[in-house]
Each structure stands twice: as structure tokens, then as C-alpha cells.
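In the two assemblies presented below, subunit A is common to both, partnered first by subunit B and then by subunit C.
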Partner chain A sequence: MTLDEFVSLSAALTGYPAATLKPQNDPQQISETLFAELSLASNNIPAAQLDELTQVWNSISATPPPSLPAAVQVKIIENLAITRLAQNIIYLWFFGTWYDLAKNPNSFTSPNIDHVVSPLAYTNGLVWGEMGAHPMGYSVGEYGYWANIPTLPQIN
Partner chain B sequence: MDNSTKQYDAVIVGGGWAGSALAYRLASANKKVLVLEAGIAIDGLVTNPDENQLVTGNRAEFMNDFFMAMAKTPESPYVQNYNAPRPAVLDIQPIPPFTLNNPAQLPAGAPPPATIDCADPKTSIDKGYFIQRGPVPFGSTYERRGGGTSWHWLGTSLRMLPNDFKLKTVYNQAVDWPIGYEDLSDYYDQAEFEIGVSADVDEQQIHGITFSEGYVYPMAKIPATILDNTMDAGLADQTFDGSSLKVTGTPAGRNGVPNQMKNGEFYDNGRRQCQGNTNCTPICPIQAKYDATVTMAKALMTGNVDIIYQAVATNITLDMTTMEVTGVEYKTYETTGGPCTGTFTATGTKYIVAAHAIEAAKLLLMSNTQIPAGVANYSGQVGKNLMDHPMYLGWGLMPKPVYPFRGPLSTSGIEGTRDGAFRSERASFRIEIGNEGWNWPGGAPYNQVIDMVSPMPPDQSGAPTVGIFGTALRQSIQSNFTRQFRIGFLIEQLPDADNCYIVPSKTCFDNLGVPRPEIYYDFDVYTMEGFKAAAAATDFIFNTLGVENNTGVPVGNGGVFEYEGVKYYAQGAGHVMGTHRMGTTRDDSVTDANMKSWDHDNLYIVGCGSMPTTATSNPTLTMTALAFKAADAIIQSFA
Partner chain C sequence: MRKTKTIALLIAFAAIVAYIGSASCGNNTGGSKTNVAVADSGQVKTPLSPVLPFDVTLPPKGTGVLETTIRRSFDVFSWDSFIAICWPAQGHGVIGQFGDNPTVWETWKKNYEVFLDNGLPPAPWDTALQGKEANLSQTGKTPANMTAIFQPFLTGPLIDQNGQYNRFEIAMNKEMFDYIDTHKLYNIQGQQAFTDSVLFPQGDNTKKTYGAIMVKASWKILGKGDDTSRFHKVKAIIHIPALPSRGIRDSSYEAWVGLVGFHIGTRTTISPQWIWSTFEQVDNAPDYGKAVSGKHYNYYNTAAGDKALNKAPAQPWNPGIPGQISSQVARLTPIDTGTNALNDSIHKILVAINPHSVWQYYELIGTQWPVHPTQSNTGDPFPVYMANATLETYDQGSVVNGKIVYSPGVTSSCIGCHNASVTWAGRPSDFTYLLKTAKSLKK
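On to the complex of A and B.
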């Protein structure tokens, strides 16, 4: 999988435009940092699973936007051979975390290889902004901002 | 630094909350003070800035560790120190019934009592520091390093109620304090100034609390969140069990807008305003929230204070003729996992143990070479009466968005339930309103997003499942998380010398060979009735507000107990109290009202352990007031 393929697939999986995930100027290099997780040996990603996800994505990525979610649903999400890897890409973006592919992320078996990718990956997690908030421990708000109703990001 | 030969006016064991307050007060009165801190130094918080500290920590490092932690627990920013270990969430697991401390209670055919394998201190401490004997695990944790547990306190700075000081007289429960509200009122003023509390005087005059003429808090009340206002709109006119459910702002040790003080000056402590990081616990990223390093820094600036880090007090020695304390022995180490590097003795005129309720009691009981029962323990009450505010959590979804995960962790609460005739029968409580969604009870946002994206298969296996993604996921996140909220009940606990106590373990030691705390803990009917009332209050509040009630099994479910056929899940509040209580006689208390040991004229024992009963207010403000009261008594004792 290439970085471009990763970003376009990530856009389909997260519901965020590719230009939001990988802005033209990104001094924090978030997409590059998250993409690097796919080639991290300690993440134990079966090569066949990554190859299949890449191939499937390339086979549907040109689908016209209105039909794309349905194609992703059938070809990726409902494909049990690759859906966990796709889910992990969602977690990378929303949390900045990597979960052991061999288990359900909600189960806390030990030892495991779950980890936060980096402090920047955490503070750039999409879940916080999605709910009109900020990462816990990383606010750029001013005193008293919490008394005002936030604007939630628009979902297209 | 070897200060073992220097003579001090006062030796303080503990560089945390109470120790910093005492050091500052005594140093300001020109007393020479030595502080022994078991844990590592905080950058800059040292006697001599040129001196090379062996190990240090600082806020930026703690933040980095917090960001990188998968489980963002209260202790996640702070690495374990095997030479001055502290408990963590792993300590709070259900205790199998066969570890009941009385073997006679073993059910027929039950396996023999479990023994904890602590042959190797490090691997054993990695599984938990406490030796929990139960039947209920003690649910609260603390920190051992410069600044102590103030690194992860919430900031709540409520005063105790007048009736909290006289539980025996008014409700025929437990014991009265040896002092009343009026004795602490001035010290509360001073504590609020030192901490820098933001609150509104008019709003805090409840249940008989009074303020001195013209008093204003240092800073104005912190603005309420949308959740606070939503709850107040629905509950202001409601009552539960005769108590008002009105929502009021919670006094907080977080910087807000300065007030003009009684003396005409505007309050200014030089630190930043709260930025609403929603992270008071585990760590405020910008120190808008007070912590004890603020006061220790001022103490050090007087030039009258020496502080030795990585100095673990292990024994208090006595002159057996005068019964006065003659020294504090302490062990040193170079790295947090390395061996003991020496044993020294600190000497002074006065001695103050301010080492946290559990560690202080442990030290007094460990000091048993001259008196088998331990130092300051004529009453037999040292280590006894261990208490917390066991917490009941209720959580749900509001009918409309309330936008949690914004602002300080908690800005308001319900205080009407803290006092009433019901206290003759059951524990009272205050209700804290949480601004962090289901983060505490439900592991939010992680667990709910995972439930959306990778639902757990029915067989609980690791098999892949089909979840939602893209636009549907984003819509679910917006709809769910903007409506999440939780309330937490801080439930009163009575002193129970027979069932709730801590002793130094005879079999399990830390890496320095110092005994680990062995803890016996349980809830009595009074407290369990408080839980029952808390659950009923949750139902009433949620029904009144039209809330979808999601209260169930919380992620931290180690404190489970059953009462009248119902399971409850107690959480620790971090409010560890009672283990060296003050009182009116030598027979049933460890210190007098000035926190001076009844047994040793030059020994003071100060902290939340001094509190005879828990009340329902988060105890830190009261501990600060008590530390200032003790400091006055110590200064006067030199005259």
C-alpha cells in the first residue's frame, strides 16, 4: 500500500475528506506517522491481509462518490478477512492508537501490542473534534469556553 | 546531599500536600526545616539548583507519558518507583472470598488462603503495591514523589459543614471532631488563599457554613458547563429524601478571574487561567490547577528549607526517658529500581510525619524497636479507621446535547444531600457532576467507538465482526458523545477500627526491603445504605431529566459488593482518611486537635489521616487548613 492509497482509503473509512486527513502542508506529518504503522514489524500484520486490502481498495476506489460507501461496506467492511485491518485504520485516525489485530480491541488480554502511536497521533485524534471537544489534556480553548455551545464539524 | 549531621528546628517526613504547607509556614517563621521525600525530585524543586539530583521528573515528561498511555488512569503520567512504590488501578481487583483474613470463615471445601507471591519485589509490585486483604479492596491510590498526590487531585475545595464536626452529638454516629467549624474557619480562609480557590461566597453558604465579614474567595466562580446548567434547570426545584437537588458551582483550586480581596488587592498567584483541558486528574498540562509544588517552591525560596529526595523514612527513634523523638532514620537509593545506597538519621527539635494516611501509619507502626506497638500508638488507633469516600457512579445519555469532554473535569455538584436527619440512619453524600462523559465509568471515548466499529462477537472471541464506518460512524459519535454524562456520589464512611485498617506487611517488601501496606477494608451498613440511597437518587434524577439510564457494570469493577441482593460497584475517591485520627483523649485517638502526638511531645502527625470522620467534602482543603493549624501550634511551641 502506498501513502496515497492509505490516505484515500482512510477518507472512505473515516468519512473525512482526504484533504483534511493529509493537508498540503502538514508540519506534524500525521498521515505519514499513521501510515508507518502498516509497515511496523511488531504490529504483526499478515502480508496477505494487507495485500488483499490494498487490492480491494484499488478495485473500488474509482467508484463514483455516491456509490462508494456501499462498495466499501460490501467489499471491505463485510469481508471478514480484511475488516479488522480496516477497523484499525479507523482507530489510527480517531484515536491515534494501534490495536492488536489478533483480538477484539475491547478485550484486554495480556500481553498485547496495543499502543499509542505518538503524542501527536493522540492529540490529532479525530474523535475529539467530532464531538465538539478537544483531546483530554490538550485544549487550546480560552478560559470559560466550556460555557458556550460548540460547532460540530459538518458531515457531508 | 548528606544532611544527617545538620540540626534542624523541624524534620518533616513527606514532601507532598501537608508537608509542603508545613514547610512553608515554618520556614516563613524563620525555622530551619528539613524535608525527607521518599520519591524522586521535580525539576527545579530542590534546595540548591546547582545540585545534581539523581532522578527527576517534570510536567512535560509526565504529559508525554500520559499521551502515550493506553489506559489513561490517574497514575498513567507517573512511572512506578520500586523503591518508593505506590498503588495503581491494578491494586483494585475483587478479592476472592478464600482470602478472608479469618481462616475460620473459610467455606467448607474452599481452597487454602491465597498467598501473594512477593519473593521478587519488582514483578510483585507490577501486579499491585497493596497487600489487599479485603473483603472489599481499598479503592484509592496516591503518588510518592515531590508534590505527592496533588499531581492528580481534582481541585475540589469544599469546606466541611458545621454538622460534619459533630456527627456523634447531632446524629449519634461515630465520633465528634475535637474541633468545630468555627475553629477552622480562619484556617479555611488561609487555605483558600494558598491554594487559590475560585468560588462564590453567596453560593457556598449552605448547611450552616458561614464566612467572615466581607470575605471573598481569591477568584470568582468558574463558569458552569452546559451540562451543569441543563441539570440545574431540571433539578433546582426538586428534592430527594428531603434534600434539595439544586446544582451549585464547586469551589475549585483552579485559576479563574481574580477577585479584589478584603485588603483591596487583586489576587494573583502568577499562574495561568484554566484552559479547560478536562484533565485535572491525571494531570493539568498548564498548572492552572494548584498543586503542592507551588507551595514547596515558596518554602524553598525562604532559604530555610532543605529537601532530600529519594529518602525513605523507615524508623522513628525515641528517648525512652523523655519519650521525645530523637531522629528519623531513612534509606536512600540512586535509581528507582536500584539497591539501597545507605541509611542515615535526620535530627531536629520537632518532628512532623506528613507522609500520606497510609504511608504515615505504616511508618509509625514500623517504628517498633523501642515500643512494640509502634510510635504514637498508645491508643492502638494508628493505622485503624481507614476511610475513603467510596463512590457510586450513575451514567446515561441526556435527551439533548450537553457537550461533555469540555472544561474542567467537574465544575458543579449537588450539595443539598450532604446533611439531613437521614444521617442518623445512613451515610450522606455529595453528588459530583462529571464533565468527561462516560470516561470514568465507561472508558469513553474508546470503548463506545470500539463498540461501533468492532462490536464484540457474542462468544466474546477475538473473531472479526462487522461494524460501522465513515459517515454513519461520524453521526453516531456526534449523537452519542455529545449527550454522555455521569454523576458520582461521594459517600460518607464511618471509622471502623476492627474492619478497616492498615498494617505493615510481615511478608511482602518493596525493593528497599520496606514493608508494603497490608490493608483490611469493608463497608458497614451505614455506608451501604448510602449506596442504596445513591442508586435511588440516580433513578430519580434521571427520570426527572428524561435521561436514558446506562448505569451498569463500570470498567473499574474491582470494588463490587452485594447489599440486600443488589450488586454495587464502589470506586475509590482518592480520599484516604482516618489512620492517625485526632481526638480529645489519649485513649481513643493518636493526636490532639493540634495534631500533636499524645505520646511524644515533639511529634506531630498531619494529613487526611488526622480526620476522625470523613464528612462528604473532598478532604484536601480541610487538610490544608489542618496543616496550617498544626503549623501555628508548632511555631508557638518554640516560644
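On to the complex of A and C.
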């Protein structure tokens, strides 16, 4: 899987535009940081699983936008051979966290396997924007923002 | 023979100018003159210019690359600004022509000349009266104050190899001063009565207007082991205000101090979160793990090891006690290679003016700016982290098992930190902590 394939697949899985996930001139380089997790040896990703996910994505990536979510649902989410890896990519973007592929995603295991990818990956997790919130101890809001009603992102 | 030498010198200048210009191309709508102007002192010609840039001049839209060409544009802006405000204040020749020179920025208003202890209005802008002699003082009794000896933040003062505390000062240009003066933001009552958003003037290439500029200088008291020919130096009053809780009595003395660190913050149209340029004297500290054995550093002892690396001195702190344990400082993030190349090219120009120019011993550490100014309040700064070894000494990041670790909200970021600045009315103060140093009006 290439970085471009990872970003376009991630856009389909998260619902965020690729340009949001990997903006031009990106100081934080979150997409590169998360993509590196797919080749991290300690993550124990079966090569065949990653190859299959890549192939499936390439086979449906040109699907017209209105039909793309359904194609992703059938070809990836309901495909037991690769759905877990696809879920992990969603977790990466939303939580900045990698979970052990071999175990139940709802149970935390060893921090050597289940881990926060990096401080920036964590603070840039999409979940914070979804909630109209920010990670504990870190905010880019203007002073006094806490007195305002949270705003939620507009996602098409 | 002399004519041949002069021609050779001019050819060298032309080559350097062409080199810089080729790497900083763009729509030349602004006031960035380093690459094109020729200042004529009557004695020395140089491509360096006393003219401040209004704003950064970027590569044509859509063609710039963040890490290279766009960074280069901002770095050129930083050097243009540095050269212009370190230009001789009295119009005597060009920068460094006589080795060292009193600078333009030293005639600007110091923070203590604007925010008076009694909260009264400051004296009118008059460069002939300002900055007569630097008064380097511990103005804040709490570490939260961003002035005086506590600039390296909550973690403590910076102590040089001679056991002397560093000193700091802050100055502002006329545009910034006028905004504070006009809106009566120089005391607490004025800020509380001010109901608009604090928005300092922006430099603008199209309108050809200058924005607010604030500078923060870091000085070391020159002493044993310091090669004074490598510093911009001034004779200053070293003032230690009384701090009874620590048994510190009020005292003052005069000493020669050398410039070791320098921040320039400039508010512009392209960068409303300000452009943050930071410079250092080249002998300050080695890159982490790359100390040169036996070399004299201002803040690193090659024989001491790294056990106390980038750790603040133990309490209690008292700048009045000589011979204290020195800080052991290394730079955790190396200077970018492109920035270093620009440093080299500027240094060559400075050496060509005068081989003994003190300004050749200053290097740009980096420039931080908001890449997407409207995306969030901080505008997505790049580089994400940036630190001056003398000003953010202990916030550069951490070394964990030999690996450098950076933490959002903890590791130094100019924009990230200044985003939290407020007025005495509890409203954002447009990325400057200066307003919070205002005092109550005493009638």
C-alpha cells in the first residue's frame, strides 16, 4: 500500500476528505505518521491481509461517490478477511491509537502492542473535532473558548 | 592592486546576491529588500539593507513546498528583519562595518518604558531618548512573568559557564507602541475599559505598511572564557531588585553584556498569528550528542557530561550569588539544513563587509509561522516546535532513552504558547504577554 492509497482509503473509511486528512503543506504530517504504523514490524500485520485490503480498495476506489459507501460496506467492512485491519485504520485516525489485530478491539492488551502512536497523532485524533472538544490538557482554542457553546464540524 | 581587489569583492557580492535571490523568488510585491537593495554608506557597498520587509514574500501560489521553498521565504524574511533592525542606529555606515554597532532596535521602547510601575501614560516615542543604557532587571517576582531572568519559563533561570545568570529584555517598534498608547493599554484600567479585540497592526506588502514588532533579547554577562569579539555587546546596568522572601537585596552594577539570543515577532497580513524568528550567538550550545571536545560553549561544559542536560538549576534561585552551578544546555532540534545554508550565505556577506563583524556570529535557528492561518486560532504552525536555547532552554523537548520526545502543549512552540496570552480584562491579547505586565494606575 502506498501513502496515496492509504489516504484515499482512509477518506472512504472515515468520511473525511482526503485533503483534510493530508492537506497540502502539512506541518504535522499525521497521514505519514499513521501510514508508518502499517509497516511497523511490532504491529504484526499479516502481509497477505494488507495486500488484500490494498487490492480490494484499488478495485473500488474509482466507484462514483454516491455509490462508494455501499461498495466499501460490502467489499471491505463485511469482508472478514480484512475488516479488522480496516477498523484499525479507522481507530488510527479517530484516536491516534493502534490496537492489537489479533485480539478483541474492545479489550486493551499490552502497551507494546496497543499503543498511542505519537503525542501529535493523539491530539490530532478526529474524535475531538467530532465531539466539539479537545484532548485533556491541550487546546488550540482562543483564550476563553470554554465559555462558548462547542461547535461541531460540517461533514458531507 | 586595490582596484582589482574591489572588483573581486563586488563580483563576490553579486554572486551571493544571485544565489540568495534564486532561492527566494516570488511575487516581489513587498518590502523585502535584502536580495535587491544596495545600501551605500559612502564607504561600503552591500546587498544587505536597512529597509524592513513589510511581510513575507511567498513563492507563487500553489508552487511552494512547505519544508523547502516556503520555509526559505520565511527564513529570508527573518534575516531581512534581523539585518534591518540590527542596522546602525545613528546612520554610521552599514551593519558591522566597524565590527559592532549600536542597533536600531535598541532605540525602541523597552517594556519597562511602556508599562510603568505607576500605570501612567508612557513618554512619547523618541528614539533619541529611548534605550540610552540597557537596564537589565528582574522585573517580575513570580516566574509566571515573561520578563527578566525567568524567560526560560517555569523551570528556572539560565546560568552561563561563569556562573552568571542570563538577563533578558523586551522592546517594541513604534507601530506596536502607538497601538498600546492610543488605546491606553499601558495600564490595567485601560485594558479593562477596552472592549474591542486586541489586534495589533499588520505588515502588508500591498499597502506597504509595517506591522507590530516585538523583540526579546537574551544577554550574558561577559567574562572569563568569552571571546568578546564574537558578540554584539553593550554596557548595561545589571539590576537585581529586592526579593525579601529569598533574602535578596536591591542592588545594581554596570557590566558588559553580550547578545546570545534574539526573538523577533512580527504581525503581518499573511501571518496574523505573527512570524516568529529566532537567532542565537553561534557559541551557545552544541547540538545534542555532537559537542566538540574542548570547545568553549556559553552554556555547555564538554567535561561535565549530560546528566543535568537541559535541566533547570536547583532552588533557591538568587542572581546575586556569583559562581553558581552552570546550566548544561544542548540544542535538541538541529537547525534545518536549508536554514543553515542561508545562514552561511548571509555570513559571507557580513564577512565581506568586515572580517571582524560581530554579526557573522549570529545564526537563524528557525522561523515559525501559521501555515493555515484561518484553520484554527493557532493557524497550524510550522515547524510544530521551535526553541531558542537561551530563551526556551528547558522546553525544547525531552531525551528519553537517547530519543528526543516532543509533547504538544509542553514543548516550545511560539504560537502555541502565545495563543494563551490575555489582557487584564481576561480577553485574548493577540499573542503577546506584554499587556499582562501592565500595572494599576496610581493617581
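Operating definition for what follows: the second predicted complex is superposed on the first by the 148 of 156 C-alpha atoms of A that agree within 3 Å, B and C clash if a C-alpha of one lies under 4 Å from a C-alpha of the other, contacts with A are read in each partner's own complex, and residues count from 1 in each chain.
In the analysis below, a contact is a pair of C-beta atoms (placed from the backbone, for glycine too) under 8 Å apart; a residue touches a chain by one contact, two chains touch by 3 or more.
Here the structure is a predicted model, which is why all the values come from computation and not from measurement.
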Give one of first, second, both or neither to describe whether A:A102 is in contact with subunit B, with subunit C, with both, or with none.
-> first
Check whether A:I77 is in contact with subunit B, with subunit C, with both or with neither, and answer first, second, both or neither.
-> first
Based on the superposed arrangement, let me know which partner A:L13 touches: subunit B (first), subunit C (second), both, or neither?
-> first
Could you look at A:N25 and tell me whether it touches subunit B, subunit C, both or neither (first, second, both, neither)?
-> second
Of subunit B and subunit C, which one touches more of subunit A's residues?
-> B
Using the superposition on chain A described above, determine whether A:P119 touches subunit B (first), subunit C (second), both, or neither.
-> both
Please work out whether A:A86 is in contact with subunit B alone, subunit C alone, both, or neither, and reply first, second, both or neither.
-> first
Tell me which partner A:G132 touches in the superposition: subunit B (first), subunit C (second), both or neither.
-> first
Would you check which partner chain A:G144 touches, where first means subunit B only, second means subunit C only, and both and neither mean what they say?
-> both
Residue overlap on subunit A between the subunit B interface and the subunit C interface 119, 123, 137-138, 140-145
Okay, in this complex, where on subunit A does subunit B touch?
-> 12-16, 69, 72-73, 77-78, 80, 83-84, 86-87, 90-91, 94-95, 97, 102-107, 114-116, 118-119, 122-123, 127-128, 130-134, 136-147, 149-150, 152-153, 155-156
Where on subunit B does subunit A make contact in their complex?
-> 63-64, 66-70, 72, 222-226, 256-257, 273-279, 282-283, 285, 401, 403-408, 411, 435-436, 439, 445-447, 449-451, 453-454, 456-457, 460-467, 469-475, 477-478, 481-482
Subunit C residues touching subunit A - in the complex, by the definition given at the top = 64-66, 70, 371-372, 376-378, 380-384, 405-409, 416, 419-422, 426-428
Per the touch rule above, subunit A residues touching subunit C in the complex are 23, 25-28, 119-120, 123, 137-138, 140-145
